[in-house]
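Per-chain numbering from 1; labels A, B, C, D, E and F assigned in written order.
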């Protein structure tokens, strides 16, 4: 069960409204690697966890923290939208320069009204939306909860890496020190969480719960071991041969990388049987037209 | 530019058709972590790569290989659908047991016709579709290409881990030795690719191109370092305190984990300004009704 | 900021696993009117609220409660999936009756394996997913946060009505007394929440913050008042004339319903100008082929 | 069956083209609460209606009217797009001011070409699209047709409220009197439809067909009545206690609201069983590696 | 403006309910090439039409007819769902055969309840939904309205071909003569509409409004004419060389097909510049860490 | 199996970066009729092909070529994004004119930063994305692979027509001769492919594999032949009667078009049975409340 304290986890106050930046900041809220994604991902992993209790507890702790991050971003976006203009002045559509020359103070407004996300005004009444920076809605297909903790922690490390990268970019996209202050908090938490998932993966491996290749409890002898460490160079770029993935001991400690310069097909040229008449598909030769009723079914 | 050899990369031949299994196998083709996802992810990362050539070459090589995996799965699914029945016999809907007792050989067909993906017959004429195991279409929001190779290789390691996990599960879901043979090849390639991404990440780090926290070239002093290594226990599960993420040296070598048993809000109680009248939103007190024309815009 | 107590808000324990029912119960978790929808809807309305504090507080309280409902459902679904079979036995695909006659205890398993959601096994490893009962992912386009509380409370009343209706149906779809016990709690909370939104709407109106037609602060004289209370019978069903929407005082107290038996078009036959040559669209007469460069732009 | 009269239901003629406004007006056509949504929602409710004929007739009448609203908006958008420019002049990308200073009459065009929806030109050749104001396509998940009229009329009242709110905002976003004239018609029809759904709900209740809590024909004694009227304050905002939802008679006349200041969890700490080996998930202790074939299935 | 006659365009009455078939029939209603798609496609093409009036009139006539097809299908589906069972009996989940042997008349119900679309009961209360046969919602991205009539009529011919193919398959999937009667009407209308679009395309060409290659009013000299009729054999299948697309006069009468057995790349090996520091992407060499403030922006 | 040559199929080099144009060019990459669509469509049709080998070979050849087109566009977009600015200068948001008057050279940057797709910077680090020009992700629901070659070649002809139309429009939207050079290649290939699909359809028909109405192997006597060639004028536009689709021999050579000026409904007024109590839907008269347990199920 969950409880809410009205104070934010960290201060979220811009110096000034900036509706165009509000549109961009939506990426960190409702984007593929925004805070809604990590919140939902960690909570579902926690609820579904069938592994040791400490992992379950940890997942629920961090998943709960992420709700607070969603809250901070939504709050920030509402404030960035304060006072956004409704309208592109019609004179402006004709000539912003003339307008400006006449001392029009609304030119800035006109630019904002044409570049901000129109749904911020129309649909949300100057509030945050659970969408990304192009207005695409958050979708549950973003998240991962597989029941295998090692696989999922790799997903989590990725999410915190993409997330921190995007927040760093958002930091570059504004000079507002209030916004930057909040982002500096989020960057630090992403630093924590990258470290956390790495630590947790090491721990899983030390405890014998999993290892590369994940999942370790699928018997290796059931896979085609002869191709398990080959780099197959299906492109004619030669520099790939110089990478550590093309020779030497493999990270899982179970093999040697080899480089296959000209990989060859090992399989058949496919042959698929003609389709039954009931599909009305195209077969190699003209079909006898199907007829109604029972006969048609064979 | 690309070229195609009609031979498959590896044999893809089932012993017998199995339309219900065909539906499940779609997950490995068009699911979140199916082969279309890795094919598109690696190709876009390759095309967008602005880093050292060896990484670009490697990405394009493996991306190209993955097209062949898509091809093998599509070919396998078509064959699993061979001869799938069009119809649930109407007697069956009433009483399959009576039918069976009368020697009806169509009972198996009826079960298949009601459990297979109906679009395999209706939409694809017994062919494969770029969808997952519940018929949801592949979407480009599955993939990642951020321009930061360390972040993206973490995404790739996750994709190969989720992918191998799902293929292992698909292996358990059939006894068909032809299908299992193809899956044993895919499992091995996933083993290779997990190793490959780990090797590539180590190499990136050795070359000083990135490190934890990703992206390393965002100055650490600009983040709130005091919260960069705190585990904030927002849930009352106590076992989380025993994990390696709650104390000790952090994996990035730049700090010490600390455990915050009762994290406190550090931010303000949010206050958002009333909305302008043009939004027709709800404000703290009744609004003076807006009036048409210019006046309304202030 | 949010905090989590590991105890559930209410008991969520099935008597026995039932993977087919788990698939259906997903509707209440990740469907259009599932718990994720109300959780996100109320939280965003709360965060975006610019109206009186009591509404904001109320929204955040109930939004936080809904996270606990998501948690209960996820927990229940995991338990309903316990021990779900991976495989449709291959003999069964051929003849379940023969198998059964031979005393095969796996027939039930085979039915379950073909009727359950395959992603519950393949993608989630027997865990809950943020999807609905056909596997469609939750999408943020389900929710509403408009900045107008009266409009949004109508949305909320609808959500609780559709939600309670679906939970009532889910109650009918199982005999498991453990599941029914949890649903009886959810039904009661939906009863509370329907009442709550009605009370809140009455309060908004008493306080003069809004009224029908919403939004009240758009000046009525700016709308075409002559058609504001006409029932236009665009279909030839005559019974509609007998409803209270076809005559008598209107609920907003501002007019009289009238019944227009044969509504007439009041507008023009549209005429749209030919398209510019640069669109390469079809115009009333053959176009002069466009030519490159500047000239083409006029 | 349906018939079409080429005259519009009401005049739809802008004074002048305005491609940026055309983009915003798409919200009223293909947005979550645009005219396509209500058209489809009412028609499906009508076709699916198993209740009294007068409701079915009424739903089909209004559903048919809404097709005319879709038509008016599409027509308006095409005209707003008349003559939209294809191109951002390349000089402009470098310096619009210099261009303007030189008397460039194309500056306005350049702004329009960069701010309009590019698909209006590229995909639709200056025609309307069934999308919203950020270009997201209309989706059938927007609509509701539950088979329960009371629940659905609440959905309809919400749709007309959100719809009228958005049209009011669109009215504020333009000064074009032609556009405003059409919107004044739509605002009035939304006023009618809000009143209509309220009248219909009152009628349903008078006839004993349903009442709060919806659906009334689920026996109340089967829900947990002890929590059916409690306001559980899961957030620490105190103002919520002052609302009419926290004390007093409930609107359904069947209970008294009570305020629970510190709600307590009533359920268990969840325990989920380890996963079967075939899922290759993570369990509390290291698993014995699974082996191929039959044995693996237990 | 539109008007509705309550009589259906053609009889839509099944002999008996069949909820599993109802699920499949949804493809013809809300699938990619279902009736909602053609209805919306033709109406939008009609509303957006800037070409000769006869095409606009024709598009609106057929678009209006298609609404009646949507209506027939929705009506049929509701009737196929009549009396669908809510529940998989719990004994059945354990052993349907034993149940059957005991004379259980509910076995058929149990099969239906596990194979029907659960949303037909849960979400729609035994009504039709605007979704396809796997429950995926209709999306506006299915339709085409480009402003170029020749291009769009090709889209329409495709839609009627895919549509008639799917209806033919649906015909094979049932023995219900009532359903088949309705489908025989739809098949005939699809025959009409295939002929209609072909006739319309011929007419467009005769009138000089367009021709292959569409759009004809893009000057051919602006395309690379040397590659405009080459078949580039990027796959090693040799049979493609024997097709009429590999030699002989081209259908547009403007060239000769040539067969390029071994197509060669004509372009450069791409080189993309390093990314600016503000992207925090990966560059060829380690970056100097960015620093805060102004400097970082160059 | 597939192989990659690092040289592009054709040169893809812009004269200068243009991030706003990069956003528009995404339509040709990841839009409904972009290169990803045709690549996936032809490959799936090839893999699923059960018809004559020459069609399969041809589909795989052209499908493989299209991967190269995706590559060229992705490469072009990356270069158009080179050096895109991260930030809208904050002064600019206030007054671009003043800034300009002061000689600010960053005004152009500010316009670009507010009009470009924010995800190009934020999500892709100045790389291409598999999305369209409004940022909507490519979805597999765009493509067609039906198993009927005639139907699918009609889909392909449509795709190449919409595709060439959009590329022609993109040509108009830029003056960059480098971009135009690449587009001139794509236009020519679209010319080839339009011709190719027409040739292939003629060949299919000559070989007796299919003909209008598609699919020809559904017996015509099973459709309602009396309505198979009627133009039903459901709209009151009279010009439609003058088209070749309203009279004369039909293109399939099997009938005569007739014009039905006032089409009449031929079907019943629908009557649907009341819903079972377990649906808790609305019936014609008040229901007896359902009660728990067994009884409720009848």
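Methods note: a contact is a pair of C-beta atoms (placed from the backbone, for glycine too) under 8 Å apart; a residue touches a chain by one contact, two chains touch by 3 or more.
Not measured: the values here are computed from a predicted model.
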Q) What shortest step count links chain B and chain D in the network of chain contacts? A) 1
Q: List every chain that touches both chain E and chain F.
A: A, B, C, D
Q. What chain lies farthest away from chain D once each centre is taken as the mean of the Cα atoms?
A. B
Q) Looking at chain B with chain F, do both copies bring the same residues to the contact (over half shared) or different ones? A) same
Q. Using the average of all C-alpha atoms in each chain as its centre, how far is it in Å between chain A and chain B?
A. 10
Q.
Rounded to a whole Å, what is the gap between the Cα centroids of chain C and chain E?
A. 25
Q.
Report the inter-centroid distance (CA atoms only) between chain A and chain E in whole Å.
A. 28
Q | Shared interface positions of chain F, touching two or more other chains | A | 1-9, 32, 47-48, 50, 52-53, 55, 57, 60-61, 63-65, 68, 75, 78, 86-87, 96-97, 115, 121, 123, 125-126, 134-137, 139, 141, 146-148, 150, 165, 168-169, 172, 175, 215, 218, 222, 234-235, 237, 263, 265, 267, 270, 272-273, 275, 278-281, 290, 297
Q. Hey, which residues of chain F end up touching chain D in the complex?
A. 16, 18, 20-21, 23-24, 27, 31-32, 96-97, 100-101, 105, 107-108, 111-112, 115, 132-136, 165-166, 169-170, 172-176, 234-237, 263, 265, 267, 270, 272-275, 277, 279-284, 286-292
**Q.** chain D-touching residues of chain A, taken from the complex the two chains share
**A.** 1-6, 47-53, 55, 86-90, 92-97, 113-115, 117-119, 121-123, 125, 134-137, 146-150, 204, 207-210, 215-219, 222
**Q.** Residue ranges of chain E in contact with chain D within the complex
**A.** 1-9, 30, 36, 40, 43-44, 47-48, 50, 57, 60-61, 63-65, 67-68, 70-71, 74-75, 78, 123-131, 137-141, 143, 145-148
Q | Contacting residues of chain E [partner chain A, same complex] | A | 165, 168-169, 172, 278-280, 290, 296-297
Q) Quick one: in the complex, what on chain A touches chain B? A) 5-13, 32, 52-58, 60-65, 68, 72, 75, 78-79, 82-83, 86-87, 121, 125-126, 136, 139, 141-142, 144, 146, 148, 150-151, 154-155, 157-158, 161-162, 164-165, 168, 171, 180, 184-185, 187-192, 194-196, 198-200, 202-203, 212-215, 218, 220, 222-235, 237-240, 242-245, 250-252, 255, 257, 263, 265-270, 272-273, 275-276, 278-281, 297
